[in-house]
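Structure record follows, encoded as structure tokens.
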Amino acid sequence: MKTIARAVFTAALLLGTSLSAFALERGGTLTYGRYADSLFLDPVLNDANVDIWILSNLYDTLLLPTDDGKGVQPGLASEYKLADDGMNLTLTLRDGIRFSDGSPITPADVAWSLKRAAKKDNGIWGFMIESIDDVTTEGDKTILIKLKHPDPAILAALTVFNTAILPQKQFEASPGATDEEKAKAFAEHPIGSGPFVLKSWDRGSSMKLVRNEYYWAKGEDGQPLPYLDGINFELIPDDATRILKLTSGEIDGAEFIPYSRVNELKSSGNLNMELFPSTRVAYITLNVRPQLGGKDNPLSNPKVRQAMNFAVNKEAIIQIVTHGVGKPQTSYMSTATPLHVGDKPLYPYDLDKAKLLMKEAGFEGGFSTSILVLAGNQDEIAASTALQQMWAQIGIKLELQQVDNPTRTQQYRDGTFVMRNAAWTDDIADPNEITSYFVYSKTIDALHTGWKSDEADQLFEASQKEMDPKKRAEQYARMQEIYNAEGPTVPLYETPYPVALSKKVHGFLQIPLGNNIFAKTWKEK
Amino acid sequence: MPLFSFVIRRLLQMIPTVIFILIVTFILVRLLPGDPASAMLGDRARDADVERINRQLGLDQPVVVQFFYFVRRVVTGDLGNSIGLKVSVSSLILQRLPVTLMLTGMSALIALVLAVPLAFIAASKRERLPDSIIRGAFQMGLSMPVFYVGIVLLTVFAAQLKLFPVGGYGDTLGDRLYHLFLPALTLALSFAAVLMRNLRASIIEVMNAEYVDFATAKGLRSRVILFRHILRNALISTVTLFGLQIGTLLGGAVITETVFAVPGAGRLLIDSIYGRDYPVLQGLTIALAVLVSLTFLITDIVQAWLDPRIAR
Amino acid sequence: MNATLPILSIDGVSKRFRGPYSLMRRLKGEPPLIVHALNNVTLEVHRGETLGIVGESGCGKSTLARCLVRLHEADDGAVRFEGKDISLFRGTERRAFNRRVQMIFQDPYGSLNPRMTVSQILGEALFVHRMRPKPEIPGRIAELLDLVRLPQDAAGRYPHEFSGGQRQRIGIARALAVEPDVIVADELVSALDVSVQAQVINLLLQLQSRLHLTVVFVAHDLRLVRHISHRVAVMYLGQVMEVNTSEGLFTAPRHPYSKALLEAAPELDPGQRNRKVALRGELPSPLNLPPGCPFAGRCPHVFDRCRTERPLLSPRGRGQFAACHLTDFGTPAPNANNPTGLLFP
Amino acid sequence: MSADWAAARSAFRLKALPRSLVSGGVILGLSLVLALWPSLLAPYDPTAFDYSALLAPPSWAHPFGTDNFGRDVLSRVIHAYTIDMQIAIFATIGPFIFGTIVGAFVGYAGGLWEAIFGRIVDATITFPFLVLVIAIVSVLGPGLGNMYVAVGVVGWVFYARLVAAEIKVQKRLDYADAGRVMGYTPLRIIFRHLLPNAITPAIVYWVTDMALAILLGSSLGYLGLGAQPPAAEWGVQIADGKNFMNTAWWISVFPGVAIVLTGLGFSLAGDGVAELLRVRR
Amino acid sequence: MAMSANMGPNGNTDGNENAGLVVRGLTTTFDTPRGQAIAAADVDFDVAPGEIVGLVGESGSGKSVTLRSIMGLIRKPGRTTGHVDWRGRDLVAMSSEELRRIRGSEIAMIFQEPMTALNPVLPVGLQIEENLIAHTTLTTRQRRSRALELMNIVGIPAADRRLDEYPHQFSGGMRQRVMIAIALACSPKLLLADEPTTALDVTIQDQILKLLLDLRDRMAMSVVLVTHDLGVVAATCDRMAVMYAGRIVETGAVAEVFARPRHSYTRGLLGSVPRSGTSRTMLQSIEGTPPSLTNLPTGCAFHPRCSFATDICLKERPVLEAVTSPTRTVACFHHERVAEAEAIL
């Protein structure tokens, strides 16, 4: 842990020196173009990335992820200590920290917030802290967390948005009978302890944040963060429009720049085209159930899957889809995910081998199959169109089916889909989340594919309690080996987060977990 | 008095229309594959999560029961709460519909401003060069997909010439009008083309009417003949078309609002389809149906006002 | 067949149309406005004769013509063809009736299907009523064209290629194709130019004697009606005011309205000018019929009884009927108000 | 027989064709040729990738440039004629036939039928057309076949409305009464007499509706609900090229031109057909 | 008739005020896809002050076109040449603004179908006042009272209320009265009437014709009355001109022409109309149909239908020449033979 902390410190220092090349300026409002609006600003009950990725600006957590997304650093808790048996965690709150309404943050608020987050059926994120047994307080600064079992990921879990600390009294004073109703009311005017406060929200149009006067962290100039007076999130779903608004100077930053535009914006004089390292991987999910729609499913044959993998020219796809921005996957998890193993691209393009495997699998003549594509999603269309061409080489005739998201999700959940495009981003600085979904069959049937490896399941269960980092790393190495060899996915590429910012904007960061960090952002006048 | 009974009759006619639309919408949205929970929760949801949410929304009830509850709520004026956005549907509609109204209103205005003088020029220079140019240009306007026109206008007028903002929606009224100009123009082009075509034909027809000859024989000034006798009569048939096209205009707003990042009802409608946000979809459909029906009513009244023969 | 039996008889036929029913009227519980197009009309048409029906617009003469061919069904009373109520005809009986009673229409532009050639129009009538076996149809078409004196090359042409008079001939040929007994001619020549009118009238006269047709000739032009008819019925506001022989009507009308109608028609003799207006006032609306005589409002001879009691059509001498309380109106005895002698020297 | 000769001469007599019909017809004729035999003119396979020429600007080798897959844009524009002309016809012919028949009956029957039909019309025109089509396509699944169904479910109403209105006018004319006096059956009067005279507005609308169908198909293609990749369709192509408007304008501009040109062809032809079918009296 | 001086026509006439209307060589052609149609050719006629001249002919004979040409109402693709002298000024050569000042004030026009000639969406009062706005300096109130006065002159009861009504609320006869009121607004010296009674019922026609005669006397104006009805001419006009295929073929005093027509067409027209005492006999019709204006026969345009025609009629076109008196003209090589032929009556 220490080495990580040191690395972070060094990185921060480097970043700091590079920043100090400019004279830091405080004040001003940053206008940031988002592709979709948030839905629900409750950290526990929210459902989607559109909420998750900006929540840290409103709500603070006890611990914070490091900027590389792999480690943990102090947040509202200035100190934390995990007992040697791994069953107890002690945290100490910072001095004088307050919520955005000025009320002090007490251990009681913390205990209540964590218990609410851990409560079964409260939202869909509780699984990350399912190990928490009880939370108690001691004095006016100390929090004791008792675990059901040793949890190697508990520290990382306390950086995740759903463990954000909310003021118990104000929350419970919100109108409504149930927790959900109260949360609905509370989330309209959230009170947290993040660097910003929600000022106004015009759903589907814009969201205005202003600086939180009570935020605890200090900036480089020794004054409290954030530097900005406020942030205006403007909702601009159309990619081209979002970029046009940025280039015309109407907004200062824009997220989700299409890969096709990255090189163009890079060469633009007044923009910084940022490619933030991410945990994002893009892949094709294959349904490997032996029978599908009453017919034998060729995809259930691992050799077929390997053949399909070998038949994909990843470099070409990276060119076509990401315009060179992405890179080939070396494991099912991204290189930015802790405990990632792998140094060379999976399944190098090898048509002969693919054909051979098809022959061995008894599908020399190929077969017809289909893939779900999110309607209108240019990346998925491009990737699938390329796959259609590539797999045609080994006799697989691929039909593209564009559907809307709910339709796709339903087929996915029902396990009736054949293939689908998919992408994944970690929410926690630990490999357990992605592995639980991809590999472990008991979460959602390994991405609803019906794939199952008893060995991997056992390894995963063991790793969830394994406190020895080295042993845990070995477990993950083995799981990656199994999955990468015969798993139900065709890994395509991993990509950074493409964010374009005006040259006047400094200090913005999107960490590999996706969180947009505006605390240290400042803007030249 | 005849106008009054005419209005009442039209209002009564709206009732079966709205009920019909209500039933169609209700059935249609429930035929859509996927449910609100799937739409909301995305790929990571577990089955238990999905079931819990559908139970909360009452979607585990039989469809007939759902419809009954729905109608009961609508009758009491409650359109329910948005599943995705977690606010009441009525507040959402009140927030979004005015934007779309302003957009369609503006584009209707632009279309009129474009179509009326040009139709007159085309009609008076019939079969000659100005007529051919005007008709050709509008023909093209009619043949271009709305999204394409939008992108082109955006690129040229906003990004290159920087005459207009790229999109979005301002805060003050003036600012909003300024922001909505380009999207309104986008919508207006094809609308103006339809209007122009119709108006040109009716101006030609009216020009040949005997009362225009009679007006000439009375020694009236040409300006009087043009405005009082030709244009007013020519507008009568165009008013109907104008009303009918409002529905089309609202449909076009769906795409325009997406391209120009205008937070209007059209986009909300699409979002609610994609989000399987049943209450919003239903509420919005009712609101739009009532709105369009009212537009028909207003155009009928305007027509009755223009043409005393209608309200007998 | 009984020779004295009229081929068509109209027994007390009434026809009403619903007028606009405004919401205000509905709310007030008032019944919808009713247009009384025909009001208890009784007439007979004898075999081989020409019955003229004359009157101004809105008098119901066209409605009556349409009732005769079942384009309208009578609300009250009955139209009888050879003694049988035509509204009871069904199936083959109805087809036979349709064949035997034909109509020729006013509008030479609207009465022919513009998308059918003349031979298609005629051929269809022949085919549907199986007038001739299929191979003989072209020959029959040629005969029909000859009959109405149209050139043979007319067969392949469309209606718009003909003049108005020629089109009326096509209409006549279509009616004759099914070899009817009765022809109802509704304003047959009123849309035609004077010189062409004469041609068509002459043709009709010729055809009638050659084919022994019974003709009901409906028109507003008194001169024409007089010229072509054996007997004339004068209608006003849905009622028959007078039935008279053609010459009887024109020399001594038995109803004040008939007389006014005759006086209003400009004479062809410039020496016969006068400056007196024949009949003042407007035609009343058929929406709200007065309780008494429909002509009471404009009649120069009106007296109290006319406004309360509706006069019935009653006999006035040989073959003459009138609906007027002045039963001796128009009798040969000279009358100060009757300048008949001045009109017809 | 001279009458027959006259009939034949009259039937085949060439009317002076309206100018707009000629120009529209030329455009549509060429479009149809491209639609039927795209391979004759398309220099490349429209779905073949060329990794060595991604996003190549127009050149002699690729007159319209290439797209992000290195596919030849010219070939794709040409091959798209097959799909788009198919959309124009298939999306409209069903509604045209069904709507015409329903409209003919409703217009002739009047009364209660007309009142019921009036409410259906109201409801249909009240509902934004595009939204309804999107919803129906979402229910049925994406693809051209389902798009035709969706357009048909909504579109027949417009034809029926036009035909019903015109039948109502025509049935009051004397020639309809002449048919009744002749004892012709209602079916014969409707289809042999009234419809040929009442159908002109529907045919004119049909021609322009085909252009609208292409626009709708493109809009749905743009939204991903129409033609499915790798098929070339103009709306899909424009959607593909949307992100390259600044760097590779040729991807979306040429299909855009094709849409406008074809739309123009249909519009002109519509005007021309209206002129040609105008009843001469 | 009381009328203040400023309501009359402009006083700046520099020509002979008593000359009336002199039409010379008036020719109007239309370019059609099938060639040039000569709708009116070389039309010469005069109208003396206070005179009613009837312009008679069948449809397409050019009578309405002649009337519209006088008024300058011919629009593209039509073209008018020749001279129309009105009080010493040529209306054809005049600037459009000059013409506008004369239209509606010195010369007024009424049309056949008041339903289409009145603007359906404007109240009739406004349509009267428009005329006054265009040609007088009357105040709003004066205009209103003048409108009321006009309504009374033409015999519209309850004028005060009816000024605010729309044309569709009037009956056919009343509408024609409204149109006459509009035409009379500025006390014109010449009234051009284009078939003013054709659409009316016979009793209403009688009223309107008598009204016109009455107004002519009261206002001392000249009238050109276009009609196809010889009865109307006989009952109303002082002199008449008969048109055929765009040309005037015969003119003269009404009584003379009726008594002894000198053109075979005039003779045929008179013969086509049924007269009393000729019931159910063949009418003396003119065979054939009027020629197409784009394809006129050579020589005399009437020769294919003329029973008097000889070779010269095929080759040469007869010119309109004075015969018995300077105002009795005819365009026929055989007018003597026609005049000698058996009388029609």
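Here the chain labels run A, B, C, D and E in written order, and each chain numbers its own residues starting at 1.
Here, a contact is a pair of C-beta atoms (placed from the backbone, for glycine too) under 8 Å apart; a residue touches a chain by one contact, two chains touch by 3 or more.
Only a predicted model underlies this, so the values are computations on that prediction, with no experimental measurement involved.
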item: Smallest number of contact steps required from chain A to reach chain B; value: 1
item: Per-chain Cα centre nearest the global Cα centre, belonging to chain; value: B
item: Centre-of-Cα separation between chain E and chain D, whole angstrom; value: 52
item: Centre-to-centre distance between chain D and chain B (centres being mean Cα positions), rounded to whole Å; value: 23
item: Rounded Å distance between chain A and chain E, as computed from the means of their C-alpha atoms; value: 91
item: Per-residue multi-chain contacts in chain B, two or more chains; value: 32-33, 151, 155, 273
item: Touching two or more other chains - residue numbers and ranges from chain C; value: none
item: Residues of chain A touching at least two other chains; value: 240, 403-404, 407
item: Complex contact set, residues of chain D against chain A; value: 47, 49, 51, 54, 68-69, 138, 141-143, 222-225, 228-230, 239-240, 242-247
item: Chain E partner contacts - residues on chain B that touch it in the complex; value: 209-211, 213-221, 224, 228-229, 232-233, 236, 306-309
item: Touching residues (chain side chain A, partner chain B) in the complex; value: 39-40, 47-48, 121, 124, 180, 184, 187, 202-206, 234-238, 240-242, 244-245, 247-248, 250, 403-413, 422, 437, 443-444, 447
item: Chain D contact footprint on chain C (complex, rising order); value: 66, 69-71, 94-95, 97-99, 102-103, 105-107, 109-117, 119, 124-125, 128-129, 138, 141-142, 152-161, 171, 174, 178
item: Interfacial residue positions of chain B with respect to chain D in the complex; value: 13-14, 16-17, 20-21, 24, 28-29, 31-33, 139-140, 142-148, 151, 155, 244, 247-248, 250-252, 254-255, 266, 269-270, 273, 285, 288-289, 292-293, 296
